[in-house]
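Just so it is clear, A, B and C label the chains in written order, and each chain counts residues from 1 on its own.
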Amino acid sequence: MTARTANDKVLFEARHVAKRYGGLVAVADVSFRHFEGEVLGLIGPNGAGKTTLINLISGTQEPTSGTLLFDGRPLRGLPPFRRARLGIGRTFQIMKPFPGLSVLDNVTAGALFGREPERAMPSARNAAAHWLDFVGLGDKLAQPADALGGPDRKRLELAKALALKPRLLLLDEVMAGLNAVEIDEVVDLIHRIRDGGTTILVIEHVVKAIRQLSDRLLVLQYGQLIAEGTAEEVLDDPKVIEAYLGRRRS
Amino acid sequence: MLILQVLANGILLGGLYAVVALGLALVWGVLDIINLAHGAFIMLGGYIAYYLFTGLGLDPFASLPLVMAAMFVVGYLIQWGLLNFLVRAPMFNMLLVTFGIDVVLTYLAQLLFSADLRTIRPAYAGTNFQLLGVTIPWANLMAFAVAILLTGLLALFLQRQRWGRAIRATAQNLGAARLHGVPPRFAYALTFGIGAALAGGAGTLYGVVAQLTPYVGVPLTAKSFAIAIIGGLDNPLGVIVGGMVLGLAEAFGSLWLGPTYRDAVSLGLLVLVLIVRPTGILGRAA
Amino acid sequence: MRALTWLLALAAVAALALVPFTLSPVIVQFGISTLLLAVLAQGWNIIGGFTGYASFGNSVFYGLGTYGTAVAMAQFRLPFWLGLAIGAVVAVGFALLLGLPVLRLRGHYFAITTLALSEAVAAIIANLDITGRNTGLILPLIRGDTMFYELSLGLVLLATLSVLWLSRSRFGFGLIAIREREDAAEVMGIPTTLYKTLAFGLAALFSALAGGIHAYWITFIDPASAFDISLNVRMIIMAVFGGAGTVIGPVIGALMLSGVAEVLASYITGVASLFFGLVIIAAVVFTPRGVIDAVRKLPRRGLAYFLDTVRETRL
């Protein structure tokens, strides 16, 4: 475990969180803490329950049992839009731009309705333009959002979440489908977001990226937390290796 | 004994409602078209039967095949000549156009037939028989029997007959329809025609046991929609269940609230069903 | 908006306002009907065009407004403005109350539920004594189509200005986001349930006021005419043909389509509604994206525009 003193502030905490659908268990008794300013990585084989966990935090779904605490207050019963206003922003794995709107308008929504929102349209648009600049889409403001290519769509997703001025940013596989150069660019972007004071939870499959990004790493399998620690500790853990590759004779 | 009477009324009504909804459920389940003019087709079928009766003295149960044939042609032409051009448009457009057709048919009926209430009254209308202390009108019983018969025939048709299987295949995908040797345009027109024919048949029966006005269309469409949701879109027999639920609800609603609240009861039930369980209660989610 | 646009708008409004003083009474009556339909179209525009919830039963608000005003004036001898207010309160209350469960439905479920709701309310009203059951109510008579014309014009202005405000406000932006992708809108901080319901209430408000004006103008109302189902398809096609989600589209659509139907009907008397149904069908098949889209592309593509449209949507 990274050295964390009792004085480090916990921004988000999950306590014995579970999500069941009838007989199927998506998340089973997950507990962890996410410290303010930390980049926490979340990895695990497909179907491990990672996206479900993000859905539970963002409010898209409610847990069957357990507690989620943001800044000390329980999130249960708060609809997604309230959590966004509190400062929980997320991206979607299957990206969800507003198809009929321009790139700028897509992000303006976040600036208008997020934490510390702009109240007037012109200032909201300005804020949106700033975030689009930040992610590298500054030259594509007027384009229709559904005309963007893959990597640009991811940047748009990111800008939309950033416009909310989130305190906790949930990234769901933003690197999927990117080449090595693009991955480096996104890692750099995430570092800059972290430097701005945002706490980040990153779900990723790309090992190189997760190593570079994470202060700590959580590993989920079949809805359960099977490992927790720094990247070096976790990625050498035989349980983790087995989860990904099956039993391995070293 | 009153309860038994109301129960009997509800069941008889339920059978009628099953055939009322059948055409809509078929077209919706197979073609994914929600025909908001379905009730108007029923109304039209009823008026055709009415004028065949008053003009030519044809007993409605005898003219039933004629009415169905006539409405089949109407439905076939509407699908072939109009609706086939909107199949790949958003569902909203189809709703709007079929609603427009309903409006046109309603006004035509108002012009041609006037707004007076009409019922088909053959000689045996108004005669009853008694069973276990319950009064059952002969006309209603016959309508019920024909309704169940038509429903069963449709089920058989979809299972056994070549065209029927082709229609079911069309519900899966158009390629499968082609495999059965049926061009999609024809399969669509055929299905819609059958739906209209069933509506026509239902209209004939409706004209005997209830009253026809040019305005019965929309409530009947809404009730058909409710029945299709309750009964599911997969199986004609599910429509019988849905019809029974609605028929019984109306019968008991009439008992408790009064007969003039009939429509309000079933429409209220529709709203409730949609709010509580829009994905359907039996059968495939619509 | 540019100064020129404002000037043109002002000129158009002035021209419309002068109609009762310059044109024949028949045209004034046509004007009143058309203007009230334009209000309905704008009302639909708010919930259907902006928010993306295509209601097929906004006629219920029109009917409630009609009956609210009529009951207030015929049964309780209240003045017109109070009757209007009561009609509006009833309709908006209904929208806010039933909006909550009904707006959870999507697409065609929402469409048919609103349609059924409209029929259900009509059926209930036809049973109540206070509303005169099926026979209906008679309101106090007042002569003066001019007053009703200017009132209707004023309501169209009010509705259109509200839609203009929507197109520029944070609230309207939220509605558009809901229309484009509701689940994404939610996680971006937009209170979707609240906004949808407010939009529904706003649509109800304008529809009810139109109904109230119509009631006093016509003097006699009954359930069939107050809750006329065909109003729904007319208001929708006017809004869609003119341009759903635009500010002036529904008004243009209302004026154009009413005009076309009237002209056609003048060749065969008294069947404007029938021709309207045919106009609707033609509009949906050939100009599903609205007249503005057609006008923009016709010069380049000519008749091929219509052929292409049909080819895209045919089986």
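By our rule, a residue touches a chain if its C-beta (ideal position, glycine included) is under 8 Å from a C-beta of that chain, and two chains touch if they have at least 3 such contacts.
Only a predicted model underlies this, so the values are computations on that prediction, with no experimental measurement involved.
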Touch-based graph of the chains, sorted into line, ring, star, complete or other: line
Middle chain, criterion being Cα centroid separation: C
Greatest separation from chain B - chain, by CA centre: A
Separation of chain B from chain C, taking each centre as the mean of its C-alpha atoms, in whole Å: 31
Chain A-chain B separation of Cα centroids, rounded to whole Å: 52
Averaged-CA centre spacing for the pair chain C and chain A, given as whole angstrom: 44
Complex contacts: residues of chain B adjacent to chain C: 34, 36, 82, 84-89, 91-93, 95-97, 99-104, 106-108, 111, 184-185, 188, 215, 218-219, 222, 225-226, 258, 260-261, 263-264, 267-268, 270-271, 274-275, 278
Residues of chain C touching chain A in the complex: 168-170, 173-174, 176-177, 179-181, 183-193
Touching residues on chain A, where the partner in the complex is chain C: 58-60, 79-85, 89-90, 92, 96-101, 105, 108-110, 112-115, 117, 119-121, 124, 160, 164
Chain B contact footprint on chain C (complex, rising order): 54, 56, 101-102, 104-105, 107-109, 111-113, 115-117, 119-120, 123-124, 126-127, 224, 229-230, 232-233, 236-237, 240, 271, 273-274, 276-278, 280-281, 284-285, 288, 310, 312-315
